[in-house]
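Quick notes on the structure that follows.
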């Protein structure tokens, strides 16, 4: 952990070299997600509810998804841009250092301009709480934090999945955007709005609903089943196959050197 | 005639080059098609949930479905955020000496390149999406154009829309010459364009006043117009008025972008870059 | 101590087929070409030795270096470096070695070099006092004093290479791998790098494995030369032994107006440009005077020089001899 902060300090220092660029990028990131926010606002203004959820409730779903995604992007960006790391030999350098590969890839990049999205997510939380009527008890706040955290790990795992696939092929990777960028886009609304089949897909195949949808029912007071607290943790099971694939990928790389 | 042919030839060559290049990235094209199809389907499912509330809507569901499929099929044609990495590198590294050495105006050359790139990419990718979308079961099926006239209107405004988006792209490239943060300018422009072009939510769903502003902006002249004409959401005099707005923006953006690039060129020449 | 025994490595390269139909077919059933990169490589290097590892491009140099540094796992054979197997004990092993790639940087691009060094200290877990001492020594020997505060991207190539070498030595590795450390450097930087490596060997007894195409590096540094070609070690010996073995070969440079190249045993054409031919002559097979005579008979000579063969030419004739 201490070592991570040393890496972090280096990233901060490089950032100061490009201050103007950083500020503009951050504002740009903010604007991008702000237009998504406006989209929700316009539609909810017109239709009032969607599948029984109100504007401020939908905003909570949006905020959790956006916050998880931008945290993952901030801190696991190294995996998101991993193909370039393989291309320019940076990964060889990683293998030459006496530390784990996953740690080093994470530490190799910190994308602070994603703070723009983070800010948008936090503001959205504010609007959602301000306009909503939920009464905020400690257990709900804890659960919301847990959902966000597990969500961030989940999106990071998706990035690792994409990176691990890079070890085997350089083509057709863009399909994974359906789950990464798609997860961010489709997660603006409760995953149940897309219909039963889609909800099932997001529960069992790409288990995003486990942190985005089911536990939110508890937060919104639509369910008082305490088992829902385990739901976000369950989504972390997704890490297992991903970690396995990563190890396979590293082994493949070390035996082919390509 | 001969003169015309020889002046067209370099552009034709540029086009051919782009098409061949695009054809080589088959895996990327396939991935793009799959992504766009899923995107369209999810958007339609989302609107289905909204339409189930029974509230009054400015577009019929069938119009909306057709709008969404067309938007995904022609994504590469109309979205502002398809940038040309080579051109951007040229600009940021100040490395346009090569480009200036060619016997063609910089603006025209890059404009042609942008149009060619978008056209080649879209033509390759739209076919499978349109095909699948028109075979889906009914309410999710993409319908035929509202009328033969609507189809002609679609073709005309889609072509002009492509020119407008290319002109917008050139404007962003022009601005890139004058800023410290090329990435910042691009993401800025893309965010604004996405909202006002009706990519986030179709413009008819905007609140009344904002809708008017958005519809008169150059961004609405890109995909909003052709897609709504095709689906029959816009017709008659109203469509004609927006066609004039589209033409106005095309000329204005050409003038603006051309001026900007010329100024940038002068600056580069003075600096000896 | 480095010991390699019968290291094998084969790469499978997918065949790229031209044409749409074939490309589509290979999408489903890929065909592979097998390339034997290393075909039973064995050698041992005692502590403190400097070895020049040479061979033409694609001979297997970099595969061997990657295996020894733990990046690549071989198909067969054994490798032990200071009691560790590089690919099985990667983390422990890489803490004992330093690696410099001449064409790639390990410095963080936008921050002062000193910050990169401090981060490397943390990655390798070097004690502060030791780190300061090592850094002082390296700074003095490589004259880094004035550039430590400069971001890496603003350094000249020579300055950067000095920093790269320092960066690889901050954790005081017992073994140093250098891959083309002088590529692209100007003459004075090359000499500075060589002088430093000599000092390093003398004072720290570091084992150095050097791959390079610049024979002047080898001449200045290597006590021993390993020549690899087609995945096999072809020659192993000191520079003097090599010379003796190919003893007394002469380099013959002829400026000609035309004519045909003579074919005689002991006369090897090294290079042929319009108007300029270069030969290596083996006096044991063909006296130099006979060679000149043969040449004069077939070509319109304008000028002729005879000199001792340089290491460069020696290596070139070795490549020819082994057909690599």
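Per-chain residue numbering starts at 1, and chain names A, B and C are given in the order in which the chains are listed.
Here, a contact is a pair of C-beta atoms (placed from the backbone, for glycine too) under 8 Å apart; a residue touches a chain by one contact, two chains touch by 3 or more.
Keep in mind the model is a prediction, meaning the values are calculated, not measured.
In terms of CA centroid distance, which chain is the most far removed from chain B?
C
Which chain's mean C-alpha position is nearest the mean C-alpha position of the whole protein set?
A
Look at the interfaces A-C and A-B and say which one is made up of more C-beta pairs in contact.
Between the chain pairs A-C and A-B, A-B carries more contacts.
Using mean CA coordinates as chain centres, what's the chain B-chain C distance in Å?
A distance of 52 Å separates the two centres.
Averaged over CA atoms, how far is the centre of chain A from the centre of chain C? Could you give it in whole Å?
Using C-alpha averages as centres, the distance is 45 Å.
Find the geometric centre of each of chain A and chain B from their Cα atoms only, then give the gap between the two centres in Å, rounded to an integer.
Chain centres of chain A and chain B, defined by C-alpha means, are spaced 29 Å apart.
Provide the list of chain A residues touching at least two other chains, using ranges where the numbers run on.
18
Quick one: in the complex, what on chain A touches chain C?
Counting only chain A, the residues touching chain C are 2-3, 6-7, 10, 13-14, 17-18, 88-89, 92-93, 95-100, 251, 254-258.
Tell me, which parts of chain A touch chain B in their complex?
Within the complex, chain A contacts chain B at residues 18, 20-21, 23-25, 27-29, 31-32, 34-36, 38-39, 42-43, 45-51, 171-175, 177-178, 182, 185-186, 189, 193-195, 198.
How about chain C: which of its residues touch chain A in the complex?
Answer in residue numbers: 11-12, 63, 66, 69-73, 75, 87, 90-92, 94-95, 97, 99, 101, 104, 106, 108-111, 115-116, 118-119, 122-125, 151.
Per the contact definition, I'd like the list of chain B residues that touch chain A in the complex.
Counting only chain B, the residues touching chain A are 27-28, 30-32, 34-35, 38-39, 42, 45-46, 48-50, 52-53, 55, 57, 179-181, 183-188, 190-192, 194-195, 200-201, 205-207.
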